[in-house]
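Per-chain residue numbering starts at 1, and chain names A, B, C and D are given in the order in which the chains are listed.
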Amino acid sequence: MLRRFLQEKSPPAVVRRLMETDAGWERDAWIELNQQLGLTGVHIPEEYGGQGFGFVELGIVLEEMGRALLCAPYFSTTVLAATAIMNTGTRAQQEVLLPPIALGEVVATLAFTEPNGRWDASGIEMNATPGDAGKFRLDGIKSFVLDGHTADLIVVAARAPGSSGEDGLSLFTTPGGAAGLTRRALKALDPTRKLARLEFNGVEAELLGELGGAAGPLTKTLTQAAACLASEMVGGAERLRVSALDYANLRMQFGRPIASFQSMKHKQADMLVDVELAKSAAYAAASAAAEDDPELPAIASLAKACASEAYLQTAINTIQIHGGIGFTWDNDTHLWFKRAKSSEVFLGDPAWHRERMLQAWGV
Amino acid sequence: MLRRFLQEKSPPAVVRRLMETDAGWERDAWIELNQQLGLTGVHIPEEYGGQGFGFVELGIVLEEMGRALLCAPYFSTTVLAATAIMNTGTRAQQEVLLPPIALGEVVATLAFTEPNGRWDASGIEMNATPGDAGKFRLDGIKSFVLDGHTADLIVVAARAPGSSGEDGLSLFTTPGGAAGLTRRALKALDPTRKLARLEFNGVEAELLGELGGAAGPLTKTLTQAAACLASEMVGGAERLRVSALDYANLRMQFGRPIASFQSMKHKQADMLVDVELAKSAAYAAASAAAEDDPELPAIASLAKACASEAYLQTAINTIQIHGGIGFTWDNDTHLWFKRAKSSEVFLGDPAWHRERMLQAWGV
Amino acid sequence: MTEPNEAAVRAEARAWLEANWNAELGLAEWRGRLIDSGWGMPSWPKEWHGKGLPPAFDAVVAEEMRRVGAVGVARSGVRGLAAATLLEHGGDFHKAKFLRRILTGEDNWCQLFSEPGSGSDLAGALTRAELKDGRWVFNGQKVWTTSAHHADWGLLLARTDSNVPKHQGLSYFVLDMRQAGVEVHQLRQMNGHASFNQVFFTDAEAPAEHLVGEVGGGWAVATTTLMHERRGADGMRLWGAASERKGRIYDEERAEIATVNEPYKWYPQRAGRVDLVLERAKATGAIADPVVRQEIAKLLTLSKTAEWTARRARAAQAQGRPPGPEGSLGKLAASHVARAAARVHTAITGADAMLTGEDGPLDGVIAEILVSVPAVSIAGGTDEIQRNIIAERVLRMPKEPRSDDDRPFRDVPKNRLV
Amino acid sequence: MTEPNEAAVRAEARAWLEANWNAELGLAEWRGRLIDSGWGMPSWPKEWHGKGLPPAFDAVVAEEMRRVGAVGVARSGVRGLAAATLLEHGGDFHKAKFLRRILTGEDNWCQLFSEPGSGSDLAGALTRAELKDGRWVFNGQKVWTTSAHHADWGLLLARTDSNVPKHQGLSYFVLDMRQAGVEVHQLRQMNGHASFNQVFFTDAEAPAEHLVGEVGGGWAVATTTLMHERRGADGMRLWGAASERKGRIYDEERAEIATVNEPYKWYPQRAGRVDLVLERAKATGAIADPVVRQEIAKLLTLSKTAEWTARRARAAQAQGRPPGPEGSLGKLAASHVARAAARVHTAITGADAMLTGEDGPLDGVIAEILVSVPAVSIAGGTDEIQRNIIAERVLRMPKEPRSDDDRPFRDVPKNRLV
């Protein structure tokens, strides 16, 4: 049902229109999405206005969004920001921050990566200094921030001056339009998912959760987000795989459908193996996240690495199967290819996640 | 001509007979090989009784021997021992040691690897202590020594007690039957190339070349040997590639030769690419060795790594193309497969050589 | 008759087992009682040693048997395939003559399908069957037969007519393996093991009634055997796990299983021994090498995802959902795993990978992995055949134009016999 | 006539150049003299602007021209293919009308072979040519045409008969691109560039004598064009390297080359930019990562061996040895190199790989690599077609049974036009 809904709301023509805009999404469509299906709140507890489901259901939603290449601030708002708030915020903070997200009224994001491009908590350099009335002042630069130039609410990771590693890290919240905050959309290789660079010059922010205690919740958020991204990626990969199969069945060369050529069959069989194995990994990661399994860090990293490679390989194969047509702008394949390429490094590349997986397993 | 000669002298039936023997080769055939073609002395200077050719010609010989899977102590004697002596020995020592090798009268080897399995000069632990009359006493264990249990002359790498790294290394010579030397054939995965473990208990040995100055010449010898091994490997790989092609052309399934199936064609095309690229690398390495090109260390390592992977992949594909038959003992493919598998790690595995290649290029 | 329900079946089976199971009995005697009771094969028809229950209850009864440690009927190896095939396609004569002795374990069976000239193309079999004086006479050669030297009976696919297209000229027989016209040779493999036989027929004979199905209808019967083989590929290995309990009946069962499993003793090595990787990497120190770590991680990823995919398929099956594509990928995925494992073991092992037997690491186990893994992508259907099957049956891609199955078999180009 | 020898040819060319070369001339004027002298195309026949020398002497003359810095005739891009094809298959009318204006560079050419419905299968072209009132009339659509919007003339393969097998119903034409019936659209690619055109024919026309070769004989003529295209795939790029010398004639040549090269400006990125890898790895610090180092080493190995293999092929050619298999692998090897390079650039670049344009590394060059490499295994013959060619032409493996080339083209299943 969700699949059909997203097919209708996010056909390639709409994706192409939105990806040419600066924002990359439209508030009316976003509100409609939430009014009809309550998607933004899927894993937010009911007491905070959400649907009260868990990561398995969130994974299903993301798989479908990846399939439809939905242009919406969903990964930023629901996966990154809401999860970070749930992992970090006090009860009172959650009561304030989560309901508007669950209702689709507030678009939010998590600003943690910096121009150094590191995906671990230790890579954070931004400074947070205590300011007036229990507030903090943030100074530094965040980059690769999903929907960072359009978000209403920004959850920011920063550290106490002089601290290093996992020590001294805290999360803060600040409105998108805060004074001292300069936001610039970055030119993204994947135009369907917008990235921004945020420069903080003494931006006033409120502490989220415990001062200096954010390393754990932030790492957990990124682990859960990796599992979610794996789900999104396998949805996209499967969409491509099916589109390649459909094309091969239709396209005639040498008087027969190219699907009847043995090399095409073998390629399609290999694509099926790639996608199905990655799917199993994404499902395992979603279950582990839902159950808060101690193996989650390993399985999430496994799933992220596996889905990254399956998605990109599927995209490469899909272009190849389409031949010259597949390389044209008018053919839709490149939209998913670019998402695959960008997702490959977003939240950490496959080699990085493989190493994390081994370490999480104590190897 | 050499190819035809080796085809006659080393058909699979002869390989199978010799590989079941302890020695793995026969002195009569060895002497005949040298009397007819002077192969043992191909790159030994004429003044020492050799043919006076260089590494290009040696590479050609090895390519053919790899193709024929010749069971003879050629790599040990000519490639390893003679090259080590040429790189290290004084003029007087070369005058004594090289002519019997060139004539095929003496079978020799180079004992450098130890049970730690390291292929670099720094890995040597065996001690050489000064003894009577300018001689030295060797104590320690060598392993993976090619034809070590049958060689008449053994060139041994050892170090001054207390030295480490590339310091204090020297080469020595000792007869195969020296007192205090215990030699044992190892069970080799590749039965066509015999390996031995040599235990030295106070074995008396003569210094070869300069005391403590062997690191350079030994490393050079191993670099040249890696280039030579690449030639041997591409010969074997090409033999397998052609045998797989012949089989595919003959074998009928579903009423047509399996060579007419597209997946078989694509596999054969990929095999051709693998083998031809590796051949180019082996030829480049042979030329670099012949010209003593400063890039030789990089190119030799490149060629060794490239040929290792091409040979093994070709062997795997050749078994696969033969189907069940290819996995049987009576089919000849496994003889080359085992050589490929063993050569993959002999003188260092592909990853090790790739790293060496980058370092040699100053990367 | 009322629909059986799980609780009732469980209670009835439990009651019967409590009354009858006795570890002190001999294997034959116990199995005799079990077969007579119908609890040995609960989903088989009542007239043929079963209870006539829906297949879903097999697991319930098996659970009850495991609970008390009761030994089951013999069905490992080709026995199970023979039983399933004869139950579906055999006449009363076959069922009466063979089924019970299969279940008791008295008779051993082998499968005589593959030939040297037709590996992937089973329907291209050349072995001839001719009816002479009321008896079938066989001439030809089979290969890749497991345990033919232990077998009392063989399931034989042979050609009765070369003047029709190839699938239509085959017939299916039960052959007595203990006769002069059947010669069994062991076939040595590149890893030194001899798991398979070549079987030669020189005027081997069978009575007319040993034909299973119709003359010319052999391909359909063979398809049933093959389907059960594919379905059971994992299961068979599972049944093969002998109980570790003590007692005479368990010893007898262990001996039976050991005979069936003998040809498979290198199969764990063929599959790449992923279980050894971490332990070995720690032992050699390769675990500290970032490059090797990546390869290990890739291998574990493959192996885990293959396992999870198989679990997804089983879960779907258990819930009665239609099988998705995930159920057909296991064999191909296992190939990838094994090949990756061989690469990783080599990288971990270094120079020692050149050694085998007692000189090799783990007393030769690593070497056995390296020279056994090439079989995994061939045996039981090559990777190429698996890809064809996935493409045509799962993805429903169009078949390639074929030239061999619509003309008389005699006109189809064939391999000369080696 | 005595056999020409190298020294004599060299001396004669040198003498002529010393007497005639003048960098102060206009490009057209100089080329006019060069063409008249025959030194512009030494291996062409004397009656058609050449010297009638064996092809081996082309290199000698080229060397002499390089020595003095003399500009050559125009032959880059499709011009060269048109010249070679017309020289071989054209009649005197075609040679007189077109050859000289090709060599002077006055006319631009394009190639009209590929169609949307026939990518790998050029002989399946659907564009129709009909003879009406003594003129050929064309209707249909071509695609993947380079520089059609600059072209004066097109080499057109079109169907004159659908009632014969597909290869026999094609004819070859020279088409005037500057007419109302020819419409040229740019085709945008996924990397944002627009290197190719779609060309639509709506009752486009050509005089009867613009047919090249026989009616129905177009495939043989097209094969000549394609052979020269394959042979020149590297060469064309080489001729395209403009001289860096100063002077009016060089400026004019540079402008000509720039026009020809315009569609290819992203080609270095398409090939993966191996040249940037080490510099980038040092810049990002990835050079210290052992895992990335392995990937870099694998890439350099591929790229070096591909280069050495091409060199082996050239050496064999130069020595007049029959071409070995190494000559046919270049395109496939280039694909492997480019794909590996894209992977390595990603690993080196990390998060920055998500950025493009002025926000991306090297002002977007890295992003352009990542979104251009997929073309390398498609354009000019997909990797799959290359493998077929290697298997069938180099390895002489048997062709697959075909069903489309022995029956009337009208009966062959085709793509509906998009």
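Assume a contact is a pair of C-beta atoms (placed from the backbone, for glycine too) under 8 Å apart; a residue touches a chain by one contact, two chains touch by 3 or more.
Keep in mind that what you see is a predicted model, and the values were worked out from it rather than measured.
When the interfaces A-D and B-D are ranked by C-beta pairs in contact, the top one is A-D.
Put simply, the chain farthest from chain D by mean CA position is C. Mean C-alpha positions place chain B and chain D at a centre distance of 45 Å. Here the CA centre of chain C is 56 Å from the CA centre of chain D. Note on chain placement: the centre of chain A and the centre of chain B lie 53 Å apart, centres being C-alpha means. Counting partners per residue, chain D has 290-291, 294, 384, 387, 401, 403 as the residues that reach two or more other chains. Looking at chain A, residues 256-257, 261-263, 266, 351 sit in touch with two or more other chains. Across the interface of their complex, chain C is touched by residues 289-291, 294, 401, 403 of chain D.
Chain B contributes residues 113, 117-119, 143-144, 186-190, 195, 250-257, 263, 316, 319-320, 323-331, 333-334, 337-338, 341-342, 344-346, 349, 351 to its touches with chain C in the complex. Looking at the complex, you find that chain B touches chain D at residues 245, 248-249, 256-257, 259-262, 264-266, 268-270, 272-273, 276-281, 283-284, 302, 305-306, 351, 354-355, 357-358, 363. Across the interface of their complex, chain A is touched by residues 114, 116-121, 124, 143-144, 187-190, 192, 291-292, 339, 346-347, 349-360, 364, 367, 370-371, 374-375, 377-379, 382-384, 387, 402-405, 412-415 of chain D.
Every residue of chain B that touches chain A in the complex is listed here, in rising order: 261-263, 266.
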